[in-house]
Amino acid sequence: MPAHQQSLEDATLVSREFIAPGFWHLGLRSPHIAGRAGAAQYVAVDIPGDFAVRLPLGIWTADGDTLSLLFREWGTRTERLARLPVGTTLSLLGPLGNRFTTPTSAKGATIVAGGLGIVPFWLLAKEYQRAGIALEVIVGARSKDLLVGVDTLRELGITIATCTDDGSDGTQGNVIDLLRARPKPDLIYGCGPPAMLRALCSFANERHVPCQISMEETFGCSLGTCWGCVVPVRRGCDQATGYPRAPADSRAYDLARVCIDGTVFQAADVLWQR
Amino acid sequence: MATLNGSAQPRIDTRVRIGSARLKNPLVAASGCYNRGAEFARVVDPAAYGAIVLKSITAQPRLGNAMPRVAPTPAGMLNAIGLQGPGIEYFLTHEAPALASAPTAIIASVAGFSVAEFAAVAARMDGLPNVVAIELDVSCPNVDREGECFAADPDSTAAVVAAVKERVSLPVIAKLTPNVADIKPIALAAQSAGADAVSLINAVRGMAVDVTAARPVLANVSGGLSGPAIRPIAVNAVWEAAKVLRIPIIGMGGIETGRDALEFLMAGATAVAIGTANFRDPLVPLRVLRDIEKEAERRKLSTVAALTGLAHPSFATKTGTR
Amino acid sequence: MATLNGSAQPRIDTRVRIGSARLKNPLVAASGCYNRGAEFARVVDPAAYGAIVLKSITAQPRLGNAMPRVAPTPAGMLNAIGLQGPGIEYFLTHEAPALASAPTAIIASVAGFSVAEFAAVAARMDGLPNVVAIELDVSCPNVDREGECFAADPDSTAAVVAAVKERVSLPVIAKLTPNVADIKPIALAAQSAGADAVSLINAVRGMAVDVTAARPVLANVSGGLSGPAIRPIAVNAVWEAAKVLRIPIIGMGGIETGRDALEFLMAGATAVAIGTANFRDPLVPLRVLRDIEKEAERRKLSTVAALTGLAHPSFATKTGTR
Amino acid sequence: MPAHQQSLEDATLVSREFIAPGFWHLGLRSPHIAGRAGAAQYVAVDIPGDFAVRLPLGIWTADGDTLSLLFREWGTRTERLARLPVGTTLSLLGPLGNRFTTPTSAKGATIVAGGLGIVPFWLLAKEYQRAGIALEVIVGARSKDLLVGVDTLRELGITIATCTDDGSDGTQGNVIDLLRARPKPDLIYGCGPPAMLRALCSFANERHVPCQISMEETFGCSLGTCWGCVVPVRRGCDQATGYPRAPADSRAYDLARVCIDGTVFQAADVLWQR
């Protein structure tokens, strides 16, 4: 299974681009990881400094021996990462996690991204282009300045509908509003903040549209061993959740690890409340 | 599979003894940080470890705490997993059989909320394939004694150890908490109750606040601090315990390099455990073992065991057992 | 003299109260780390601090421990200065007069090895120029009680506070140690005995081994761990104490940034002290104050005091005093 | 007093040179500090990484807006420093500490350095050259591979006698042996490991030769506030030791702080045993 071929690789920072206040785009030469990266996979970065655990970041683009990261300055680790000079060597572990799957039978699919939830979709869009399957993309954010990566995705020749809560870019409203206003999609992919994903899952589940979402939690190990990143999923679902299971007698779910059993889950399998 | 350049054939004897258990080397993967090693096997051979301590198992299945359960901190991390686990029944049926093909020796870990629970779960671990010792995570709240942590009190610690010793034949290791004013009476109580070794230290109590959201980062509010940040606290605990104990000590807390591991060995530990550092660098056991061997060689010692207590005045007068 | 770009006029009220003492802002230079600020004055204006806590003064002159007395550790440092100091007589004759020209409010700090020593020294600090409060470093061994640390025990802590309160009119702050299983009973004992505030935390016990020389790095073997490494431990101590206390808390341990200070304030501290971070970045009080003010503004609060306890459920039900 | 004009300066690493196994030479553009550096002064470097206190390192050369450091990989901080790429920005605090003084009346002086104890002497040699005063230099080390910086000092046109414990370079023996074999000097400057300095002080004090030594201890603050770096000195000596004094009744000495009252002390003032 290709998702399980991982490398610990010393990558070189080859480019560093400020794309909007607080948002950065880094290029890293990392042949082993770039060559195997799939949509929704991520790398765990050992940020130089006083950090004892790696930082998980989604793989944005991957081309030849280079991959790129698109991230926001959230806190201490991402701030540090944003300030490293080109030429720095960074230890990466990856590609980690499972991938979005592209059903060979698909007639077309809709991507729904919220803010930086756009990250897994450059690689997915490339896959769809290769497979010649139609794709529509909806990207939303609170306001225009939080809509990043859209231009890069458009460069692939993809039509993208945008929306913002405040109407500063595209339609005013959220991605679910946009989705509702359209014909029912055959297949949905989603990534974004928890509230958006939850609404997206309700939408898809109510209409019985197959839907894959890529989830996020705070990670410890990024490797599946610390059990720091769990999400309750329906028992007996697709995900090979491994142990430990929820107590069989009381709850009809397993706790899956986002880092290794995901980050991709079927909307129908995710249980949003415990 | 990664190997380290320049790691030549071991020229010195790396074996150590923990009670009647023999480990091929003094490096142990810490409980809760390594599963059975399978997830790491893609990047490093888990057999690099002399033993792997399993995640602590409880009597009943437990879902653990709500999310978030982990948080990065300066030179460390906080965790509040809350002893998530399938419980002993599920463990015995579905997981224990796979231990037959474990990459290295296994130390089972037991957690419980009453003396009886510890004894019952530990008894069922005795004799599982490849399991060479049983570690007792006595850092959980004691429901028999109004929720106070077992290892905060010498008597509770002794009660657990004694009850388990009556039921198992494998060596028993008491894993103690650093959240006490003085570790010595607790360590001595464990020894008197029959513990074959102590593990020092479990994570240190701490917490972080998310100042953007104005709430604790962890859903559980507080958690256990691990990683390099706590190393001086851990080395001190080992040093203090080594003043009074006869039984071996497994030292842990923030080990990332051979130099770090040597601090523990020289302070009086017979073996060392590595937890959080695996997350940052899965190759850590290879590096640490190579550097410990180098140091033993530099000192013209023929065994790694001879490094134990080198910095500790108490060891000048002690003999053999470690 | 350095100033920070973009540090505009304070738009919010930064004043805080520690008992009857008023500080112009909640930043305090921690005891043992700042002298009276003169050494820092070449790089930063020490008046950036709302108060400076002096190095703890003892009854007798003390030479302190042998060298080495400090050691770097991951995200922290160990110190075992051993309360070096000239003693109260020399202090009063040669140093106290200079306090009249202190750059900001002064908090005197007293350390002692018996209840009587604390009371006698504290009494002589009362009324010195610019001294607005007296902090009691009860983290030293109590010779009246077989050398156990005062702050490891509620009764010893209370005895010191009560004896001092009888002799001084200034607000009294009890500075507690984190080397206990539970800080709450100690903090409560200090409060009941009349403490006007508590300082949390003193340095955490730790040690380091020099593996080249195979001996402890510090001549004193163990020392106090400070710096970012201990921040999660310190925030947890403040959070725990804030559950039970009515009196204000001065939080400290590893503060290097505004975000760090906000963790303490939101966990329940009224003021914060900065020690080790001054050594790395003398401009730290400027940065921290600017960022605290920014956060208060972002939250549309008119006072810094309103940040206290924002993350703490206990504060929803508490009123006014902090 | 010039020694008290200090700066907190963001310096740029402009050169990085491996000079012998474990020894490095770094050039730093740091105009304020370089412009004011005196012999035996040091900088406190904020090494990027998980370090809460600054690393003190002696100023080796200072020329125009650039200063250089000559150091060994002792442990974690110096190892990290040795691996920073050229272009890195480093926060320096300095110049710190007092300086060797050059008596205007001096006829000539002898420098005695052990190993990296050579560091303060490039600046002192320049001062002597400017003043036109004769200087002889003795440098010793355990073996040839620990004798660093000697060539750079020779480039100033200075004659240097070397000695090694094992005879692998220069005379076999230590610097005190060499000193003994020569005419009594008028003035001695010393820097090196404690055992050497102690022997040098005995030598100078017995012969009543004025002698200044630059000392080293593990520093915490490097600023004179943590009292982590004390050395007992004769009461009433040159050093403005500040408080706290030793108890007047029992001991005839003060505890001076190496970081701020030193690093330079008069051999006659240092008390080697407590």
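Residue numbering begins at 1 within each chain, and the chains themselves are lettered A, B, C and D in the order written.
The definition used in the following text is that a residue touches a chain if its C-beta (ideal position, glycine included) is under 8 Å from a C-beta of that chain, and two chains touch if they have at least 3 such contacts.
For clarity, every value in this text was computed on a predicted model and none was experimentally measured.
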item	value
Chains in simultaneous contact with chain A and chain C	B, D
Selected interface, B-D versus A-B, where C-beta contact pairs are more numerous	A-B
Distance from chain D to chain A - Cα centre to Cα centre, in angstrom	55
CA centroid of chain C to CA centroid of chain D, Å	35
Mean-CA-position distance for chain D and chain B (Å)	45
Set of chain D residues in contact with two or more other chains	50-51
Chain C, residues touching no fewer than two other chains	73-76, 228-229, 254
Graph class of chain-chain contacts, one of line, ring, star, complete, other	complete
Complex contacts: residues of chain C adjacent to chain A	74-75, 228
Of all residues in chain B, those that touch chain A in their complex	2, 32-35, 39-40, 42-43, 55, 60-64, 66-77, 79, 81, 84-87, 90-91, 94-95, 217, 226-229, 254, 276-283
Residues of chain D touching chain B in the complex	50
Chain D to chain C touching residues, read off their complex	4-8, 46, 50-54, 76-77, 91, 93, 217-231, 243-248, 251, 255, 260, 274
Residues on chain D engaged by chain A in the complex (per definition of touch)	48-51, 85, 87-88
